[in-house]
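Before anything else, here is the set of structures, which you'll find just below.
Common to both upcoming complexes is chain A, partnered first by chain B, then by chain C.
Right, the complex of A and B next:
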């Protein structure tokens, strides 16, 4: 086939133009905005006031923003450990040949199908209720006073409540990814291992886990991306006004762009943009670290 | 060669097609399916109900009205009905688009900046006049020409002018007032014969209610900062409170005084035992509406929100936050306001839009809205308020000083969550007055 420059340009142009408009332009504009004071998010550039690094300095000097970063880190780390641990455990159990496999899988995946609004309302107004909640009832039943008296929703424990509720909803999704990874591994390896005398746990440790490296990386990447954009659950767990236990950087960004609660507060989309830039940097750092830890699959199977 | 030209042309057409496809979505502003950041008037977290948007059609000869309500809300239903009647009566067609609170809040300004054809929109009095003030048409002349004010609520019209810097840029409807709502049956049973107007009377009432076996006061995380704002504003006035909150002047003695007053309430056991765990709407639904708690500082939308739980026989009472010793403001001051209609300064159909506003805020349409949403009527000729709100009228009529939302307590977005956290602990008794002040001071560092 003859190489034809015009054709190459013509066929590449749509993708390149779309990429530039949808990805490159917003990135450049957001980075630029973070150095300006901008009241409305769609204000004309002529209304922007250059403020240098003032937005970043203000963010680092604002306790609430630091709290929001700490919250997101806690969600990412502790939530990540809980969700990945449970997801892997369930995936291993489900793929071990138990009965009613698809039934259990459907049950564990179910929370992903239910609207987050309904789930959060169920947790907040029922499960965690100090008057008639699920945990209170269980505590009463077992005569565990510490459990029935535990105040899930007070300012000291709200984060824990949020974490439990959020992880409950996320396990199924990551479990499916793990399960598909495990099912990809050929049965002959396990058969060979069984003949060699390896038990189930040894098989999991020396066959399943190493071959799940790529899938684990995918899962951690997905988890990091969804954690960085943590917004809906935070809002649902602190209706109308945000809360120190549940605020995340994206919520903080929203408040700076659209105002907080019902009050008329100062708006500055430049700060919102700066939050976005900082979050992107965090995500990129996580990707780089992940890449270093989970080198591309060196095992072929 | 011909083939080449044809291919290039086809590719260009494809690119143009894709771009045009993306571009056209600008008119369809974000549908409102985010439940968060609701205005408090909403009864329950709206379940991702897609806003019922009219298809983006050529709206050349219609008035385009972007509404803050969700299509399923009673306010939206009343407005829809009234607009049908309006069109039948006048022949003026209206393209009514329910955007929901978040839809309006996030989407209106970008849409206006992009030149979207919107003639009319509505939202809270403060947001419309301050955040979107520069997009509004001055309505003084239209109001005068139509003799609008002869049957309008004078106090609210004055409030609209005040927030717009002295001129009329919005028309109020669905007025509301933020005050103490109480269970009149509990008051009667406890022997509280008159509503408290001073702090001492308030403490006395609390004691009697507690002795009668009820929880005197409850609240939720969503509104609890207002208790702080109201008390501070009673002591030093709202503008001074706002200054304290914005500038972090936590050494101001009013902060400690307010904290001490609430420490006393907490130590005497006047708050709900679960106040620290009350995540909206737990307090209003499971305590006030269920008849175990007596008082709740909230807006006049409360009786409507809890009417299905409280039942028809619930006797509502209302009183303005009590005056405190040596304070600047008394019971004449409170947060009151309304939703307001405003017209886009670039609208070419301002007169028809004003005609629609007049239609919706007066007479039958106003009464329908008031009845369906259990709200306060805007037309002063509609003197009969919904039965659930009959006790709110004297309070509304007695007000002369207007506080903004939360009486200034939420004026600084960087501090609101910190105030809420520590004030909640103060009310729950896990923090004392000095601890509260110290926590706020520490947050400034």
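Right, the complex of A and C next:
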């Protein structure tokens, strides 16, 4: 038993120490920072000035931050509906007994493994290009004038472009989660339903969907977590035209703290910390709400 | 599995007809993906002039491999590429060294704090990077080490490892949990001490899980963006994702589109090739390990 104790400590120590340095210490300090006025990120605690909720109040009074929150909400909601809808549809098709299942699955998931910078560049510089873009070619091919003429990178359409490009890459991951959930449902349910005369669509509606509660919860949680960290796509798309259509809270925070020559507000790291805390609170709230809505039932797998 | 094979023996045309809408939807999506990637690959072999006139598939002026040579040599891609390769390999190795013992102990022994550590690891996977980046930056900037490139590299690797510790540990934990305890019991009877049992017997047995999680870690580190953007201080230490961003920024002004697409291909190729060979393993890893995450 004594031996086990040293082994437990020796084996756990590296991982737990790293975890404490990278997660626990920064999280506690960020929460604390959000209540203080701090000139520079590196300032010692003694230089911090307690300001209560002033950072949060200031954030909500800053129009650019409100826009960024609204943008991330739009991405979360509309993007979520599109991605979950497509992912569920693809998962249903994949598990319906089609051929080349693993081939389809692998190709649809593929955008998740390639560098997002490369992917975003493909969309920005090629697919959305008004001169030689993919959508223009499709529009020309089908003689859909509205599609070939559509200016994706126009400031007023940039958000739509961002949403399309981002969702395209995200569908694969959520499809895999849905598909694995569907595959775990016992075939006897479908056999019984077929005997009772239920068609495929009815089976999907009354057997598959109710039994997918657990994986739906997983999917929504994962989607919310990736939305909260939404940064790269926003930064790359904002580079095209500088407007507020595609700015997100993380980009706002980055420009405020690390951006050069940005005079949006005075230098205050406390505000950056408050952005982080707000985003984390959003994730936690979504998680709790999901937990309430998709309560684990007895019929769950 | 056996059942699936039986169905596949003969093409059941009535069944296939039923599934036709499904085939059409998936095929369109796949076709779109192919065209999107394929065009970029083709464009990277052509010239900026041909790209703008929409004639990339004709190769009127032949293949232009020099786009790659140019991107590799003059735009620093070779530096970024070697950096990323270095960071990703070292981080992956360190992650296994740090996480495999921890995962083993967490899966095998009951002790005070075991559940807390596990839930802490799981919860931290949902923490946005914004929540941790400021104190970490304060800490590192306080040491004044970001101007020394070796120290900067070490900081980056430390971050890559630290961020992926929870995921790697939880992934390996479920894997160790599924291994039979009979091996350790047999080893103990033969007088092998527990620590030696881990290194000599259990770790080699966990090899499939280690390979899968290493692929994930490699892809994660290769594609990591936010932390690298903040902590990589000079062109000398930048990984590909950040380097590519800077290059695209400058190429918009030089107008070298062919060179830009060549750089894009160079950046996405490593993980893409890894995926071509390992897609089954990667997909199994997501659906097996990620579902209850």
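The criterion applied here is as follows: the second predicted complex is superposed on the first by the 261 of 301 C-alpha atoms of A that agree within 3 Å, B and C clash if a C-alpha of one lies under 4 Å from a C-alpha of the other, contacts with A are read in each partner's own complex, and residues count from 1 in each chain.
Note that in this section a contact is a pair of C-beta atoms (placed from the backbone, for glycine too) under 8 Å apart; a residue touches a chain by one contact, two chains touch by 3 or more.
Predicted model, so just to flag it, every value in this text is computed and none were measured.
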{"item": "Which of chain B and chain C A:273 touches, first, second, both or neither", "value": "second"}
{"item": "Which of chain B and chain C A:228 touches, first, second, both or neither", "value": "second"}
{"item": "Chain B versus chain C as contact partner of A:167, first or second or both or neither", "value": "neither"}
{"item": "First, second, both or neither for A:244, with chain B first and chain C second", "value": "first"}
{"item": "Chain A residues touched by each partner, larger count belonging to chain B or chain C", "value": "C"}
{"item": "Partner chain(s) touched by A:154 [first = chain B, second = chain C, both, neither]", "value": "first"}
{"item": "Partner chain(s) touched by A:14 [first = chain B, second = chain C, both, neither]", "value": "both"}
{"item": "Chain B versus chain C as contact partner of A:104, first or second or both or neither", "value": "second"}
{"item": "Which of chain B and chain C A:33 touches, first, second, both or neither", "value": "second"}
{"item": "Which superposed partner A:75 touches (first chain B, second chain C, both, neither)", "value": "neither"}
{"item": "Residues of chain A contacting chain B in one complex and chain C in the other", "value": "4, 7, 10-11, 14, 18, 21, 41-43, 115, 117-118, 121, 125, 131, 231-232, 235-236, 239, 254, 258"}
{"item": "Interface residues, chain A side, partner chain C - complex", "value": "3-4, 7-8, 10-12, 14-16, 18-19, 21-27, 29-30, 33, 41-43, 89-90, 93-94, 96-99, 102, 104-111, 113-119, 121-123, 125-127, 131-132, 134, 137, 173, 176-177, 179-181, 200, 215, 218, 221-222, 225, 228-229, 231-232, 235-236, 239, 249-250, 253-254, 257-258, 269, 272-273, 275-277, 279-280, 283, 287"}
{"item": "Complex contacts: residues of chain C adjacent to chain A", "value": "7-8, 15-16, 18-19, 22-23, 25-26, 29-30, 33-37, 39-40, 43, 51-54, 56, 97-99, 101-102, 104-106, 109, 111, 117, 120-121, 124-138, 141-142, 159, 161-163, 165-166, 169, 193-195, 198, 219, 222-223, 225-226, 229-230, 240-241, 244-245, 248-249, 257, 260-261, 264-265, 267-268, 271-272, 274-275, 279-280, 282-283, 286-288, 290-293"}
{"item": "Sites on chain B touched by chain A in the complex", "value": "4, 7-8, 11-12, 14-15, 18-19, 22, 34-40, 44-48, 105-106, 109-110, 113-114, 124, 126-127, 130-131, 221-223, 225, 274, 276-282, 285-286, 404-406, 410-418, 420-422, 424-425, 428, 430, 443-445"}
{"item": "Residues of chain A defined as touching chain B within the complex", "value": "4, 6-7, 10-11, 13-14, 17-18, 21, 40-44, 62-65, 67, 115, 117-118, 120-121, 124-125, 128-131, 151-156, 158, 231-232, 235-245, 247, 254-256, 258-267"}
